[in-house]
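One structure, pasted below without further comment.
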Amino acid sequence: MSSVDVQPPVSEARTSPGFVALFRIEMLLALRKRADIANPLLFFVTVLALLPLGVGPEPDLLAKMAPGMIWVMALLATMLSQESLFRGDFEDGTLEQLTLLPQPLYFAVLAKSLVHWVATGLPLALLSPLLALMLNLPVEGYLCLFISLFLGTASLSLIGAIGAALTVALRRPGLLLALIVMPLYVPVLIFGTGAVQAAIDGYAYSAQLAILAALLAAAAALAPLAAAGAIRISLDN
Amino acid sequence: MAWQWFHRLGSPRWFYQKTNVWLPWLALASVVLLSVGTVWGLGFAPEDAKQGNSYRIIFIHVPAAFLALAGYYIMAISGAIGLIWKMKLSFAVMRAAAPIGAVLTFISLFTGAVWGKPTWGTYWVWDARITSMLILLFLYIGVMALSQAVSREQVADKASALLALVGTVNIPIIYKSVDWWFTLHQPATIRLTESSSIDPSMFYPLLTMIIGFYCMYAWTLLTHTRALLLRREVRTQWAQQELAGGK
Amino acid sequence: MSVTSKSPVVLQVRDLACERDGRRLFEGLDFSLPSGAAIQVKGANGAGKTTLLRTLIGSSSDFSGEILWRGNPFPEALRGMRESLLYIGHRGGVRAGLTPLENLTWYGADNESALQALDRVDLFGFEHSLCHSLSAGQNRRVALARMFLPQAPRLWVLDEPLTALDVAGVAALEKQMSAHMDKGGSILLTSHQPLALPGLDFIDLSDFVVDESFTDIGGEHVFS
């Protein structure tokens, strides 16, 4: 009875998307929602344009504040856009499916963080010379500002993913996310502004940039692990 | 054998009944040590050559700061034990440790500010240690806010344990970076008192206070954990018996 | 092929107990799911049907007892299981910002078979519309279209697959499930509606509910 010849077997292993496929699909989604890319940038520019209205237009004062203000605003812009990092995927069930892939969730989180950086941190860094010009930052600081934002915002995207993952199942996570993530941003902020300040003062700043790069390496290795754990916890909600 | 002991310690009922015996002793030790330390420190320890009597606030400030930091690690380690071995008790310890640690951090910040007025002439200075303490307070508040925001207790336990662990990895980095930042911005006139050269006549009352604070911390933590356990296990027979006042 | 005693057991559960919010949902659950078989999990709302499915796919670790995938216990066997798992939950896993076709190709289908699968779930003509412009029922169909792909994995775990489907949709789904069983695939599903599926087995979780008088474990209940 059961000696019927075996039917065409059901496939054993499914082809699961690799890191490149994950990155490409996230990039495609980011490009389709251009407003999500534009908003943090507009926020960044608008708030910094308000700064002279608040503290007065004296070039010296602005120049003194510029490195810190640009960095703090970059930090806020990154953080505000992080709330939606996993939200859509959580609501439509994609996040659940990602946890069921045979390969570790680490890669999916890394891909999403990387796309988040490409869509927010990288444009912020590219835009920074313009704001530096508006805020009268000495020319010596331009290159350093760009490099420090380039490296630093990548760390911010990775660290923020932990907070986004922990709060993804909550209804209104906005302020809670800020509360959780802000203290973790401190080292990046300190070394980011420190590097720019050193460049302006004419000192060597490669040490600070090296520390920023080291922070980025550590964040890339550890933050997606923590965020992956947080996603599994949040999905149990 | 060792595993069995571990297993027993994880049982809420066993913990509740054991700590019942420890509590009075811890309470006694903290009251005695803290009163002795306070009287000794405020009344008998000599005046500081430079700061006069105002230095005496270190008898509260230093122990509070010690425990604020140690408390974060206690919270994070019990959270980690909870995540790894899924032990109910350790999650309760973690949840209990958060507000206690936050209060101690606040006390150390507050006493630091009070001390700052006569010493530096201002209540708040962006000093490396004070700034680090402030960030520690934010870390505590983050863990507490997250555990309050998640509605399901089990999920809240795991989520805040994970956040506490992330904070643990970050604390040394934050301390180092704030330290570096401070040396960069430090005005030449402001110098912290070198705590290395403390006279024995001041050190012994301080040590008494530190041990007293540790006892008080343990006492508070146990009491708080017991209350949490009782609330979480309220459906079980042992909790009902305890609540009814039976043995 | 029909299920015989010789059919290899794919998923086996021994003395399983699940908890949620400190409350034991069910305990003493024993069953095995052979190749070519289907089991429908029944039970009232809140009985733990979804929790059971989520435990069996390794998404919840709050359980005691043993889960074996092809004779190997969890969690070691988890990776192997996920390689042959198709899970469709309450949330379908359809990205709103992608088209149905892109969604299916992301799940590993080639273009042609994805188009065929979409045709089978009556989404012909919608392949290139973005999913957030489709109705809830249509989005559900996109999720279910994964079952119509030729390379569909061996084990299907489906949480309420029939919700938001019309009569024709239900019939097509039943046909596809029975074809899957004929090919040696296994299905575990929950449903409030009865299914016309030959050889369907049932598990009623209300048979495994913990008797209230036994819920007290005397405080020796160490692990949550």
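In order of appearance the chains are A, B and C, and numbering begins at 1 in each one.
Definition applied: a residue touches a chain if its C-beta (ideal position, glycine included) is under 8 Å from a C-beta of that chain, and two chains touch if they have at least 3 such contacts.
Small disclaimer: the values here were computed from a predicted structure and weren't measured.
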Leader among chain pairs (count of C-beta contacts): A-C
Relative to chain C, chain with the most remote C-alpha centre: B
Chain centre separation (chain A, chain C; CA means) in Å: 35
Between chain B and chain A, distance of the C-alpha-averaged centres to the nearest whole Å: 33
Between chain B and chain C, centroid-to-centroid distance (C-alpha), Å: 47
Junction residues of chain C - those touching two or more other chains: none
Multi-chain contact sites of chain A, meaning residues that touch two or more partners: 236
Set of chain B residues in contact with two or more other chains: 152, 154
Residues of chain A defined as touching chain B within the complex: 162, 166-167, 169-170, 173, 176, 179-180, 182-184, 186-187, 190-191, 194, 197, 215, 222, 226, 229-230, 233-234, 236-237
For the chain B and chain C complex, residues of the former touching the latter: 7, 10-14, 16, 85-89, 91, 152-154, 157, 232-233, 235-239
Touching residues on chain C, where the partner in the complex is chain A: 1-2, 4, 6, 57-60, 79, 82-85, 87, 89-98, 102, 106, 108, 130, 143, 151-154, 180, 182-185
Complex interface listing, chain A residues touching chain C: 1-2, 4, 6-17, 21, 25, 28-29, 32-33, 88-89, 91-94, 96-97, 99-102, 232, 235-236
Interfacial residue positions of chain C with respect to chain B in the complex: 20-22, 61-62, 215-224
